[in-house]
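As written, the chain order gives the labels A, B, C and D, with residue 1 at the start of each chain.
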Amino acid sequence: MKSFQPKIVYFLCTWCGTGGCETAASYRMSYPENVLISRVNCTGSLSAVHILRPLIEGADGVVISGCHPGDCHFETGNYRARRRIAVVKSLLETLGLGPERVWFRYVAHGEGRRFVDTAAEFNDHIKKLGPNPLKMRRNT
Amino acid sequence: MKGAQIPAPKGIADGILSFLKKGLQEGIFDALLLPVKVPAGDSFSYVLMRETDLMDQASPLPPVMPVQGAKALSNLTRYGNGAEKIAVPMRPCEIRAAVELHKLEQVNLENVFLIGLDCPGVLPLKEYLKNPKKGDALYRKALQEWALESPRWVCEICDPVSPEAADLHIGIMGAPRGKLFLIPNTPKGKKLLKRLDLKAESSLASRQTEIKKLAQKRTKNKERALRALRQEVRGPERLLEIFANCINCHNCMRVCPVCYCRQCYFDSEALKMTPDNYLMRAQRKGGLRLMPDTLLFQLGRMSHMSLSCVSCGMCEDACPMDIPVSRIFTLVARDAQIVFGYLAGRSLQEPLPQVIYREEELKEVETPYQETYRPS
Amino acid sequence: MEEAFKPKIVGFLCNWCAYAGADLAGVSRLKYSASILPIRVMCSSRIDPLHIITALLNGADGVLVAGCHPGDCHYQQGNYYTRRRFAAVKRILETLGFEPERVRLSWVSASEGQRFAQVIGDFTRKIAELGPAPCRTEAFL
Amino acid sequence: MDTAFTLNEGVEEGLKKILSSLLEKGKIQAAMVLDHTEGGGAAYSLITDPQMMAQTRPLLPLMPANAALALSRLTLKEPLSGPVAAVVRPCELRAFVELVKRGQGSLDHFIFISPVCGGVYPLQETLVKGGIEKKLPEYREAMRQGEIAVDIREACRTCEHFVPTGADMIVAAMGQDDPETHGTVFMQTDRAAELIQDLGEVMIAEKQTEGPLETDLIRKHQGLRRDQKKKLAQEMQLDQSGLDGLIEIFGRCIGCHGCRAVCPICYCELCVFESRDFEPKPVDFERDLSRKGRLRVPPDTLLYHLGRLNHMALSCVGCGSCTDVCPVDIPVSSIFIQVGESLQELFDYLPGRDPEEEVPFTKYETEEFAEFED
């Protein structure tokens, strides 16, 4: 069997997460190329649908990074994001759809190392979990 | 806690209606919102009335719930309160939905008297329609014996039996023969009793015992039912099997009292793609179900409204494919509401979990970072 | 009946012909029934079937749609479309046995004050014969 | 005389083989057919993998949703870029043509394959109780005899348009010898004939035969359906309804608007009856209450149904989805079909007959309908 290359969607907030990514780039650090970055203005702007849809339509995991608590550019966006993600994870847990395929971790603008590590660690984590069973189902 | 008593010599429904009629005649209410039998006699619809000529057709506790009372109330007060003071007797789940809708600014309770009723549960709408006369007879019996044969699944496990959010609760359970309790819960309810010259002096001990008994029984049912259901729905395999018959009519969304959006995200432009997108998705899996996004709709709706789900069962009643929608929503909603220590419709004072936050909470949602992580 | 029945007729009148015709009737001091509740629209083709049905279900005893004579439409062809739509509404009411006599389409030009008064009188008489619309008092609409 | 081909096997199996070999040869990008689902029913699927054709059920007598909705969803944004075959029933094809007239899709690059339709079973009866497979032998026998299958939906039983119009390929599921062992397919267009050309070696022998409509069996079936329709009209006596009759029929409506949601003609993203215009304000309620003393809440139930009749009955193809989806068993389609046909007769219009034919409300004659003027 060919080694499993997961497809990972990484949501980064414009102000911190993306900054972490830029910092990593300026230090020439690298992260797995199968991690697809998607920038959102704030993690608080993510709806549950943004997390569920990739999981149904082909992603093996979704990871979300925004500002640390108290640092949100919009003051409270990351607190709200945390509550929303809690709902999605509870839903995935109840229905046995793999809540472990969704990660939420703060990454500040200067934390290039933390960004790269998160991408790599999540990638390894998903590799261990194997392909997302939902994504290959035709009947969705 | 004490309650007042009103006479109901000719049965429960008659007692409730006489009380409402009196309130109307004395000018305490300007109008009533009541379920009334439709002319064909095969169902019920909410009627807002100032005249009392349809009163004999009215039924405060009909055997079915064709329209969620909170939805009717929302239709009435979404654009603010009129000058009319409206009395609305509703079942516990309808009261809870009204409370949620009030928080979502889709119901205005200012000029509304929410009157709670004890509810033995209702029959599945489709079963009732097969033989309305039989359903009526079954329910008459249920109102006397306070036990309903084959109610809906959600009714059997409904354990918030006596909602505290209603201004006034009409207690049927535990009331002496030929009487009903009136239990004021809010200042509005207390004022109402005062205007009617009724004093809350009767002890409610007998009622509390019965309520406790019923609540315990239903809680037990609930635990058992949810435990079984949890096994039945776990995993993509079984979940897809359950939703496989979904035909995307979105009836569940439109009858849901909590889904108030005029234009649902899942009916919007957001999910309409180019043919190439659909082809690409089909090629990835060998085939793509059309209409697409069936599971996304269900999961998305769960994540959007499960925190406010009151388990009223409307979605399942309206599903033409008999998908156990309300069961799955009940299960998911319970788990989600537990995360925030929230119970939908319990209290007007409890803010919606999605509009507030605490700085220190939900650590389990975050994945801790280990400085020492090295890729394997 | 306690009181004599006074029909209520909703009249959708086009700005350029029917409404001007009504105006002329007034200026000429022609007397016509006060049963009509005129609503001015820019063209009779502005009238969606829904306007007619809504009026009927909300208790109008009759609905009149009046516009320019065929060929005279201020917007060239509006009234031709009106006629088709009106035909459809009326046919639906016929098929459902839902009192098609309560809707009427008439052409009245700006110079036909006399005709306007006559159309109103005529229609009012007919509606009076039919009696009040049942929708006036029906609760279960 | 049409060009027809005899298959070496039944119509459904043959069709599956044709489609899978078209997919294999890359002559079509995908095929849209009814696919078996986990729940024991069927759903339309866009199939790209030829292997997967084997498990599909192109001719299963079931309509989980009118296929026009799926076809419209597929081509709403832009036309297809390459050929896609779609196996759809005659009413579904006509509904899609109506949608295309309204700019809700495109016919480009579609190859429409349509059966002579024996009708479908109600969704409730079959899917829910899982009885569809059991019904199949009975259904096939009825098709062979040109009879109306027992228990098919009322909309189907009374439908006279069961021979497809506008299809590229007609599958003679009725009207030719042995649809179960030696099926016949008719090529109606050059592009269909061209497409099928190299498939000879798989299962096809060419023959010249009379068209699918002109056999005695089809004529007999037409007669049976016409009788059923007359019988229904007599039973319902719709023109005797009046206000009371309409309230009797629609009184138990719960306002779910499912009939609109599944109607292939009702394409509006936001229906006017769900819009702000139709949300009463407190002053409206107070006005109506002082006028009538009591009123239904939510109001406008009858207005919704009458309004929808006005908006779409002229294009109603009689697919019966609205009745299927109604949770309170209102015979929506029986009413819409009767009203629709009366309108269609008035305008001499058959919805979906021809993509070039304009919807009657978008054109006019200067001399017409004088009988509606007073």
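We adopt the following convention: a contact is a pair of C-beta atoms (placed from the backbone, for glycine too) under 8 Å apart; a residue touches a chain by one contact, two chains touch by 3 or more.
These numbers come from a predicted model, not from an experiment.
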| item | value |
| --- | --- |
| Set of chains whose contacts include both chain B and chain A | D |
| Maximum centroid distance from chain D, chain identifier (CA atoms) | A |
| Computed distance of Cα centres, chain D from chain A, in Å | 44 |
| Geometric centre distance via CA averages, chain D-chain C, whole Å | 37 |
| Intercentroid distance (Cα basis), chain C paired with chain A, Å | 63 |
| Chain B, residues touching no fewer than two other chains | 38-39, 45, 47, 49, 54, 237, 240, 244, 286-289, 292 |
| Per-residue multi-chain contacts in chain D, two or more chains | 35, 37-38, 43, 45, 244, 247, 251, 292-296, 299, 301 |
| Contacts with 2+ other chains: residues of chain C | 139-140 |
| Every chain pair in contact, whichever chains are involved | A-B, A-D, B-C, B-D, C-D |
| Residues of chain C that touch chain B when the two form their complex | 139-140 |
| Touch list for chain B against partner chain A, complex | 230, 233-237, 239-240, 244, 265, 281, 284-289, 292-296, 299-300, 302-304, 306-307, 328, 331-332, 335-336, 339-340, 353-354, 357-359, 361-362, 365-369, 373, 375-376 |
| Of chain A, residues touching chain B in the complex | 47-49, 52-53, 56-58, 69-70, 76, 79-80, 82-91, 93-97, 103-106, 114, 117-118, 120-121, 123-124, 133-134, 136-140 |
| Chain D - residues contacting chain B, complex | 29-30, 32, 35, 37-41, 43-49, 51-52, 64-65, 69-70, 73-81, 123-124, 127-128, 244, 247-249, 251-252, 254-258, 261-262, 269-270, 274-276, 279-283, 285-286, 289-290, 292-299, 301, 324-329 |
| Footprint of chain A on chain D - complex, ascending | 35, 37-38, 43, 45 |
